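Below: a set of structures, written as C-alpha cells.
Across the two complexes that follow, chain A remains constant while its partner is chain B and subsequently chain C.
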Partner chain A sequence: MAYFVELLINGALTGLMYSLVALGFVLIYKSAGVPNLAQGAVVMVAGYAVWLFLSWGLPVWLSIPAAMVTMFLFGLVVERLLLRRMVGQPVIMVVMLTLGLEILLRGLVPGILGSAPKSIDVGIGFAPVIIGDVFINRTSLVGGIVALLLVGASLLFFRTRLGTKLRAVSDDHISSWAVGISVERAIGISWGLAGIAAVVAGALWGSSQGVDWTLSMLLFPAIAVVILGGVDSIPGVVVGGLVVGILGSVIPGYLDSIVGGSTRDVVTSLIILLTIMVRPFGIFGREDIERI
Partner chain B sequence: MTWMRRTALSAALVAGLAVQAPAEEVKFGLLQDFTAVYTFVTGQYNQGQRDYLTLINEEGGIDGNTFTAIVRDTGNQPQRGIEAYNRAKEEGAILFDFLSTPVSAAILDQAGADARVVITPAHGRGDASDGTVFPYIFPMFATYWAQAANLVEFMKTNGGGIEGKKIAIVHIDSPFGREPLPILDALAEQEGFEYQSFPYASPGNEQSSAWSEVRRYRPDFVLIWGAGGGQAVSVRTAIQNGIAPEQIHSVIWLAETDAANVGPQMKGVKRFEATASGTELPIIQRIQEKVIATGKGSGEEANVGNSYYNLGVATMAVAVEAARLGLEGGEPLTGETLKAGFEKIAGYDAEGLMPPITITAEDHQGGGAGRISEWDGEAWVPVSDWHAAYPELVRKVIEESAAHYGEGN
Partner chain C sequence: MFYRLSGTFHTNYQADRKLWKIPADRWLVLTVFALAVLAPFLVSPLYLGSYVLPWIIWSAAALSLTLLMGMAGQLHFGFAAVMAIGAYSSIHLVRAGVPFEIALLLSGIIAAVIGAVFGAAALRVKGLYLVMATLAMQYLVDWVVVNVPWISGGAHATLRTPAVSFLFMDISSLASRYWLALAWAALITVFYLNVKRTSFGRSLVAIRDKDFAAAVIGVDPFKTKLMAFFTSSFLGGVSGAILAFCYYRAVTPEQFGFNVSIQLVAMVLVGGLGSVIGSYLGAGFVLLAPIFLTNLIAGLAASGWVPVSQNFLSHLPLVIYGAMIIGFLLFEPLGLAKIYDNIRKYFLVWPFRHARS
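Then we have the complex of A and B:
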C-alpha cells in the first residue's frame, strides 16, 4: 500500500510540475489563440537564462526575477519578429512557425551557451520528505506548490482588465481590432507571460536534471496535460497535470518490471489519443475552440 | 669524408626516400551529434580531438604528414550522417568518428565497402570488436559489455563478494540502456548473484517510479546506465530513496558536469573510465603548452583535462598512432594502410592517458581494459587499476553476437 501511495503522491507532484510547462502553452492559447509548439524550447531557454544569471554571480532570489524579465522581453521579441506577421493567417501556419521556432531554439541556444548540462541550485534541500515508508521528492513537492500558486495567479490575472482584453483577442482578432484592442500588444504580452511561467518550470526542472536541450522534451507530457485539461483552460492544467502525472507514475510502477521496458510514454500517448477520440476539447475546454 | 662514407650516406638517403611516402594532409571526419542526443559529451570530446590533432601538427606531424579534422553536425540522424560521410569521403577523409550509435550503425556496411576506418569509442555495436566480421570498425576502447564486466568485478572484489547479492540496474529504455543485460545474464550465472532491471523513459528527466521500486528491491549494488542529464537525475533520485552514493556504479557516461548537477551528495559515486582525467598527464600538459597557451585551442580552456575532453584526446592519440604505424610500410595513408596501422598497435597507452591497448586483426576492442574511479567531491579518483575483467566471457559474448550478425549478411 505504501508503494502505491508513494507512486500516487510523487506522480501527482510530478504532474503538477508538468503543469508549469503546460501553463505557458495555455496562457498563449487563451490569450492569442496560438497553439505554441515551441513552449518546450522556451522552457529550455528560460533554464539557460537562470543558469546564466547564476553563473554571473547573482544570488538565486535575484537570478529568477532577472530571468523572468529576460523571458518576458524574449516573448515580446518573438511576437514582434515572428508572430505579428501571422495575425489573420491560417492557424496551421502559426503551428508550423512555432514548430520551426522549437527546432531553431533547441539547436541555437545550446550551441551558443554550451551543450553540456548546466547545474542550477535553487536552494531546495536534497533529502526527501519521509512519511512512514513513503518518500516524497522535495523538488517535486516545491514544484507542485509553486505550480498551484502560479495557476491561481493566472486565474486572477484573467479577471483583470488586461486579462479580459487578452481573452477577447483570443476569441476574435478582427472584432478585437474593431473595438480598439491592440491585438499585437495582447499577443506579445501573452508570449511574455508564457516566458515568465517558463522560467519557473525551467528553474525547477533544471535544478533536478541540469539545464540542457532535454528540457525541451517536457513539451510531450505538457501537450498531454493541455489536451486532457483543455487547451484554453487554466484549471484544466492542474487537473490534466494530476491525471497525466499519476497515471504516468502508478502504471509504470507496476508494469515496467513485468514488460521489461518503460511504459510511461505509452501511457502519455494513450491519454492523448483517448482524449481526442472521446472528448476532443478536453475536460474543461470550450467546445467551440478551433482545433488543429 | 671518404668516397665510401659518401656512397653509404647517399645510399641510405635514397633508401630512406624510397620507403617514405610523400607528406600529405591526412583528413579525419569527425561527423558528430552537436545538436541532439549526444550533446552532453560531443562538445568537450570533439574539442579534445581537435586540440590533439593541432598538437601533432604543431610538433611537425607524422613524417611530415599533417592532420585535418572535418567537423560537421549530424544531429544523431542517420540520413544526415550518411550525407556527411559521403561528402567527407569525397573530400578525402580516411577515418570517421560519428560518436553516435545510430549513425555509426547506418554507415557500418558502407564504410567496409569503401575501405574507410570508422572508430566507435564508447558507442556503437559491442560486437564490432570482432575484426574478422567488422574489418573496418574499431571500438578501440572497452565496449559496454567490458564496462559492465569491470563494474561487476569491482563490486565483487570491493563489496565483500558478490555471490547471493542483488544488483539493481536502472537504465534508460533504449538499446543502449539494455546493452549490458546479456553480459549481466552470463555473469549472474557464473558468479551466483541476482539482478533486476528498472527501465525509465528517455531522456530520463523523471525517474521517481523506477527508484521507488528499486528501494523496495533492497539492492546491494546499483548500476546506472544512462547519459546526459538523466544520469544526474538517477544519482539524485537514488540518494533521495535512501541508496548510499557508495552503492552507485555507473557506465562511462558520468562526468564532472553531472557531479556539479548533483552537488556534494555525489561524493562516493563510482563509474567506469576508459581514460584518466585531469591536466597532470604528459599529453595534456603538451596540449596546454603548445595549443592552449598559444591560442590555438578549439574551445573553452576550462574543459581541458575533464573526462570527455581526455576521452577525445585519447581517440585521436590512438588514431594518430595507427597512422604512424600505417606509414611505416612506405605507402601513402589510405583506409587500408590506416586499418593495417590500427592492427599493429601494441601496448600503446598515450603516455599514461589510458590503459595499454593492443589491437589485432581479431580484437578491435584493444583488450577492453579500464578502471573504476570515485568522485571525491572535487575530482574522479581511481580506485582500481587498469585491467580487463572477465575477458574470456566478454570475448565469448562478442563473438556470439558478431557471428549472429555475420549470418544475417
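Then we have the complex of A and C:
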C-alpha cells in the first residue's frame, strides 16, 4: 500500500512538473495556433541559461529572473525570425520548422556550452521528504507546488488587460485586428511567456536530473499532457499532467519488473493514441477540430 | 542542353502523355540510370558502400513516404517504425526458411497491415493530431521491438541478417547488394511515376487537395486514405527489409528510432513534397550534406583556419541538419525539386530565352 501511495504521489508531482513544460506549448498554441514541438529544446536552453548565470556567480534569486528575461527575449526573437514567416503555411511546414529548431538547438547549445551534464543547485536540497512510510522526492514536491502556482498565475494573467488581448487573439486573429489589437505583438508576447515558463521548468528539471540535451526529451510527455488536457486549455495542463504523471508512474511501477522496463513511454503513447481516438480535442479543449 | 525543345511537336495525345516528353530528358534519365548501374565499376568500394548505397536505399524509403505525404497529403512521423517492422519481419521470415524473394513481399505486407491499422486509428483526425498519433505509433513499435526478445533478440542485441540469394544470384558482395537496392529503387520510381496516372493516384490527389470535395465527387475518403497508408507502408516495409539486408546487415532497434522518422520527413521536405527527383535529391542532401560540411569544417579546424572545439565539432552535424531544415522551409519551401525545376526550365530553351512559354 505504501508503495502504491508513494508511486501515486511522486507520479502526480512529476506530472505537475510535466505540465510546466506543457504550459509553454499551450500558451503558444492558444494564441498563435502553432504547435511548438521545440518546447522541449526551449526548456533545455532555459536550463542552460540558469546554469550559465549561476556559474557566473550570481545568486539563485537573481539568476532565475535573469534567465527569465533572457528566455523572454529568446522567445520574441524566435517568433520574429522564424515563425512569423510561417503564418498561413500548412501545418506540416510549421511542425517541421519547430522540429528543425529543436534539432538545431539540441546541437548548438550543448555544442557551445559543453555536452557533459551540468548540475544546478537552486537551493531545494536532495533529501527526500518522508511522511509516514512514504518517500517523496523533494524536487518534485517543490516542482509540483511551483507548477500549480504558475498555472494559477497564468490563469490570473489572462484576466488582466494584456491577458484579455491574448484571449481575443486566440479566439480570432482577424477580428482582433479589426478592433485594433496587434496580433503580431500578442503572439510575440505569448512566445516570450512560454520562454518564462520554460525557465521554471528548466530550473526544476535541471536540478532534478542535471542540465544536458536529454531535457529536450521532456517534449514527449508534455505532448501527451497537452493532447489529453486539450491543446488550448490552461486548466487542462494540470489535469492532463496529473493523469499522465500518475499513470506513467503507477503502471510502470508494477509492470516494469514483469515486461522488462521503460513502460512509461508506452503508457504515454497509449494516452496520446486513446485520446486522439476517443476525444481528439482533449478533456477541456474546444470542440472545433475538423473530423471526417 | 541547347534548345532541347527543338523538333518535339506533340501532335498526338500519346506523345503528350509520356512520362518524359522531351527526348533530351529521356536520354538524361537513361544516362543517369546507366551510370547508376555501372557505379560499382566507377566508384571505389568505400564510397559505394558508405555513400551511394545508403543514398539509393534512403531515396526509395523517401519515395514511399512521399506517396503518403506528398500525394495523399497525410502526415506520418512514424515511418521509421514501419521500416523497422519490414526489416525485422524479413529477417525472421528468412531465418524461418522462407525464400528471400517471398520474405521481402511478406515483410512488406506485414508492415502494410500494421501501418494501415495505425492509420485507421489515426484517420479520424488530421494535421497536428495525425502527427501526434503517428508519433505515438513510433514509440509503441520501438518499445515492442526492444522489449520482446523474440523480435529483437534481447534489449541491446544486434540481429545479423542471414546470407541470402535473390533470384539465384548470391547477394553477399557489395556490388550485388547495391544492384538489388538499385533495382528496388528503380521499381519504386517507375511505380510512383505511373501511379500518378491511375485512378488511384488521382483519388489520392483529390483527397489531398480537399477531402470533402473529393467525397462529393465520389471518392471515399476513408477508404482512399487507408489505401494510401497501406501502399506507402508496404513500400516502406520492403525498403526497410532492403535496408537491413543490403546496407546494415546487422539490425538494432536504434537504427529505426524516432530521429530516423524525422530524418525521413526532412528528406521528403528538403527534396520537395511529392516529387520523385526531389526524393533522390532530398535523401542525398540530408544524408550527405551534414557529413560533407562537418568534414570540411573539421579540416579547416585541423589546419587552424577556424577555431572550434572538439565538442562543437561533434555536435556540428546536428546543427547543420537543423539549420538545413529551417533554411529550406523558410527560403525554398518547395525544396530541391523546385530548384532543379527552375534550372531545367531555364536551360530548356537556352539560349533562346524569349521562346519560353
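Please note the rule applied: the second predicted complex is superposed on the first by the 286 of 292 C-alpha atoms of A that agree within 3 Å, B and C clash if a C-alpha of one lies under 4 Å from a C-alpha of the other, contacts with A are read in each partner's own complex, and residues count from 1 in each chain.
Everything below uses one rule, namely that a residue touches a chain if its C-beta (ideal position, glycine included) is under 8 Å from a C-beta of that chain, and two chains touch if they have at least 3 such contacts.
All of these numbers come straight from a predicted model, not from anything done at the bench.
Undergrad: Touching A:L97 in the superposition: chain B (first), chain C (second), both, neither?
TA: second
Undergrad: I'd like to know which partner A:P128 touches here: chain B for first, chain C for second, both or neither.
TA: So A:P128 only meets chain B here.
Undergrad: So, does A:D265 touch the first partner chain B, the second partner chain C, both, or neither?
TA: both
Undergrad: Quick check for you: in the superposed arrangement, does A:H173 touch first (chain B), second (chain C), both or neither?
TA: In the superposed model, A:H173 contacts neither chain B nor chain C.
Undergrad: For A:G11, select first, second, both or neither according to whether it touches chain B, chain C, the two together, or no partner.
TA: After superposing on A, A:G11 lies in contact with chain B but is clear of chain C.
Undergrad: On the A-aligned overlay, A:G111 touches which partner chain: chain B = first, chain C = second, or both, or neither?
TA: Both partners.
Undergrad: By the touch definition at the top of the document, which applies to A:K30: first (chain B), second (chain C), both, or neither?
TA: Touch partners of A:K30: none, neither chain B nor chain C.
Undergrad: Of the residues on chain A, which ones does chain B touch that chain C also touches?
TA: Touching chain B and chain C on chain A: residues 106-107, 110-111, 114-115, 260-262, 265.
Undergrad: Chain B touches which residues of chain A in the complex?
TA: 3, 6-7, 10-11, 14, 106-107, 110-111, 114-119, 121, 126-128, 135, 137-138, 140, 205, 208-210, 212-215, 217-218, 248-250, 252-253, 256-257, 260-262, 264-265
Undergrad: Quick one: which bits of chain B touch chain A in the complex? Just the residue numbers, please.
TA: Interface residues on the chain B side: 34-36, 39-44, 75, 173, 196-206, 208-210, 212-213, 215-216, 228-230, 232-233, 236-237, 239-242, 257-258, 260-261, 263, 265, 300, 308.
Undergrad: So in the complex, which bits of chain A are touching chain C?
TA: Spelled out, the residues of chain A in touch with chain C are 35, 82, 85-86, 89, 91-93, 95-97, 99-108, 110-112, 114-115, 220, 223, 227, 231, 259-263, 265-266, 268-270, 272-273, 276-277, 280, 289-292.
Undergrad: Would you tell me which residues of chain C are touching chain A in their complex?
TA: Spelled out, the residues of chain C in touch with chain A are 69, 75, 121-129, 131-133, 135-137, 139-140, 142-143, 146-147, 155, 211, 221-222, 262, 265-266, 269, 273, 311-312, 314-326, 329-330, 333.
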